[in-house]
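We call the chains A, B, C, D, E, F and G, going by the order they appear; numbering starts again at 1 in every chain.
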Amino acid sequence: MDERRVFTLSQVSTAIKQRIEEATGGQAYWIRAEIAGLKVKNHAYLELVEHKGGQKVAVMRAHIWNSAYQRIRSELGAEADNILKDGVEVLLLGRVDFHLVHGLSINIEALDLAFNIGEMERRKLATIRALKEDGLYNRNRFAPMPMVLQRIALVASVGSAAYADFMQHLQHNERGYRFHVRVFGSAVQGDGAAAELRAAVGAIDPRLFDALVLVRGGGSKLDLEPFNDLELARLVAAFPKPVLTGIGHDVDTSVLDLIAKEPHKTPTAVADFLVDKASGFEIALTSMLDKVHGLVLEDFSMRRETLSAYAEMVRTRPVNHCQLQRGRLHTATGQLAHRVQAKLHTEGQVLENHRARLTTDPLRWLQQVKRAGLEELSIKLGLVANKQLQLVALQLKGLRETVNLLGPQATLARGFSITRAQGQAITDAGNLRPGERITTTLAKGTVHSTVESIEQHG
Amino acid sequence: MAEKPLTYDKAYAELEQIMTDLQADKIGVDELTVKVKRAVELITFCSQMLRSTEDEVGKLVKKLGLA
Amino acid sequence: MAEKPLTYDKAYAELEQIMTDLQADKIGVDELTVKVKRAVELITFCSQMLRSTEDEVGKLVKKLGLA
Amino acid sequence: MAEKPLTYDKAYAELEQIMTDLQADKIGVDELTVKVKRAVELITFCSQMLRSTEDEVGKLVKKLGLA
Amino acid sequence: MAEKPLTYDKAYAELEQIMTDLQADKIGVDELTVKVKRAVELITFCSQMLRSTEDEVGKLVKKLGLA
Amino acid sequence: MAEKPLTYDKAYAELEQIMTDLQADKIGVDELTVKVKRAVELITFCSQMLRSTEDEVGKLVKKLGLA
Amino acid sequence: MAEKPLTYDKAYAELEQIMTDLQADKIGVDELTVKVKRAVELITFCSQMLRSTEDEVGKLVKKLGLA
């Protein structure tokens, strides 16, 4: 057991301290950890914890010396209380400090505010993403906006300045509008605010109200945290009436501001909006009436113009019409005389024509047709009579020649002769006796002889 | 020459009869002579009638020219 | 000259008939003189009728000129 | 001149008929004088009718000028 | 002047008919005076109608000025 | 003036019809007086209606100004 | 006109309709007064509603007869 080397506790502690100092070289490290068990008595003492899957995987004591604490608080400003509290994860600059008496502890020298804000933004974005995935992100923006929002469900911290400002502005508006406000009280910051807000919104019957108004007084950036709450945001986005926010932060906007139908900076602004809306409505109505009146007047003046144009027409048209008719009558009168005269003139000419023909035609007819015919007949009569007479003369002449030819004289001339006895022409010799006296007639002269002998022929 | 109221037409008719007889060789020489004589008489009568008619017609027609 | 109520038209018709007969060799010499005489009469009648008609018409027409 | 109620139109129609007949030689010489006489009467009648009508119409129309 | 209920339009139509007939020579000389007389009557009637209408309309229209 | 329940619109419609007829010279002289009389009545009626309506509307609108 | 619960939006829509009708010349003069009266009523109603407390609203609606 003698080989056994025994160290005093301080030797060991000193050796560990030396080893740690050798390892760290007195250097400060950025460490990410959650604050727990924070106590501030002059200096601040706390534990840093790391969770993983709900289990603590590392714990270490830490402290902030008073001077550093004061500096850090002033650096965090309004956010100091939001960050320097249990359960907040922070990014800290610290040195590992091993105290022989107090043991291992992290000496926190600075906190990175941007880390916390960034974290909040990250959570905010996650909430937005979740709302979008649910289809809720734009839901309230599509809620129909009535022309007047008079019945108001107000979610606010009763007694807060924000509440008072809102009520004051709303109820004492210049134009005397009445708003019917029902308050649903709720804490609006700090732990549990989100839950209270959820409960308040959940209690509202949307059918009874025109709008849901959420107001909060001013606060730090991280005070907005409850208004980024996913569950609250879901309720608000799904609210069927318009949601108006006056959550009061100059620079940043909460998730509720993003999904609300009407985000305003301050409660006062919300109140003004409501009053302005009512007033705008009333003005719109009045101006509409003015327009209606104007249109009526315009319409009437047009009608008056038409009526007076009609009156003018009534004044002039009939007169013109009568004048036109008078002109036509005048023309007719002229035409009447003219046409009658023309007619009489034509008749007169026809008569004149007949008269002229009558003075010439019958005489001409008598002379040319009748007298000429008669004369022609006269001539013809002479001709025809003469012709007849000549024909008869010819006939007579022919007869005379024939008689001459047929008469005995012609036969005698050819040498024949006629023998007569006792005045009788003898054609048969047998009728004669010798010695008888006969006469023979020749063409020229007569012979007296006595018959000597007779010879019978045939 | 003409007996009582011998007219041209009667004369001419007789003449024509004689001519027919003559042409029919039925007539003996003695009769023939008589007939011929009559025919000549008739022809002469007719001739004279014709001439006087011509004269008369001529006068009538001439009168017309003055009408 | 004209017998009872001889008119121009009757006279003219008779005249035309005579002319037709004359031209048709139907008339014996004895009738010829008679017909020609009648024709002359008729022509003369018609002529006078024409003249008197002309005169009368002329007078009537003259009156027209003054009407 | 005109018999009973002779009108211009009747008179004119008769006149035209006469003129047409005259031109168509439908009127014999015997009728001629009568027809011409009638025609002269008719023309005279028509002429007077025209004149009196003119006068009357003239008066009527003159009256209008003052109407 | 007019018989029973003569109106301007009827009168004018009748007048126009007369004028048309006149131009178309549809009116004989006998009718002429009667027609012209009627036309004059009609024109006179129409003229008076026009005058009285003008007067009446004038009075009515004067009333308008005060409306 | 108007008979039973004459309204502006009825009156105006009637007036327009008369005016259209007037402008188209569809109204004869006979009707003219009657139509003009009616037109004058209608114009007067419409004018008065316009004025009284205007007054009434004016009062109503003024009343609101104080509301 | 409006059914049971007259709302601001309905009132406004009705008023707009009246405007549109007026602008479209759809309203005769007779209807016009009625419409304008209605417009005044609507505005009066809205004005009073805007200024009345929750308790008064029911009474007001009843009173105005617009419900």
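The criterion applied here is as follows: a contact is a pair of C-beta atoms (placed from the backbone, for glycine too) under 8 Å apart; a residue touches a chain by one contact, two chains touch by 3 or more.
Computed from a prediction, not measured in an experiment: that's the story for all the values here.
Trainee: List every chain that touches both chain A and chain C.
Mentor: B, D
Trainee: How many angstrom lie between the centres of chain B and chain G, each centre taken as the mean Cα position?
Mentor: Taking the average C-alpha coordinate of chain B and of chain G, the gap between them is 151 Å.
Trainee: Hey, how far is the Cα centre of chain A from the one of chain B, in Å?
Mentor: Their C-alpha centroids are separated by 131 Å.
Trainee: In whole angstrom, what separates the CA-based centres of chain A and chain G?
Mentor: 32
Trainee: Tell me, which residues of chain A touch at least two other chains?
Mentor: Correct list: 286, 289, 293, 296, 300, 303, 311, 314, 318, 322, 325, 333, 336, 340, 344, 347, 355, 358, 362, 366, 370, 378, 381, 385, 389, 392.
Trainee: Two or more other chains in contact with one residue: find those residues in chain F.
Mentor: 12, 29, 32, 36, 40, 43, 46-47, 50, 53, 57, 61, 64
Trainee: Go through the chains and record each pair that touches.
Mentor: A-B, A-C, A-D, A-E, A-F, A-G, B-C, C-D, D-E, E-F, F-G
Trainee: Can you list the residues on chain A that touch chain E in the complex?
Mentor: 311, 314-315, 318-319, 322, 325-326, 328-329, 332-333, 335-336, 339-340, 343-344, 346-347
Trainee: Write out the stretch or stretches of chain G touching chain F in their complex.
Mentor: Those in contact with chain F are residues 28-30, 32-33, 36-37, 40, 43-44, 47-48.
Trainee: Touching residues of chain A toward chain B in the complex: what are they?
Mentor: Per the touch definition, chain A meets chain B at residues 378, 381-382, 385-386, 389, 392-393, 396, 399-400, 402-403, 406-408, 418, 424-425, 427.
Trainee: Name, in rising order, each residue of chain F that touches chain G in their complex.
Mentor: Chain F residues touching chain G: 7-9, 12, 46, 49-50, 53, 56-57, 60-61, 63-64, 67.
Trainee: With touch defined as at the start, can you tell me which chain B residues reach chain A in the complex?
Mentor: Going through chain B, the ones touching chain A are 15, 18-19, 22-23, 28-30, 32-33, 36, 39-40, 43, 46-47, 50, 53-54, 57, 61, 64-65, 67.
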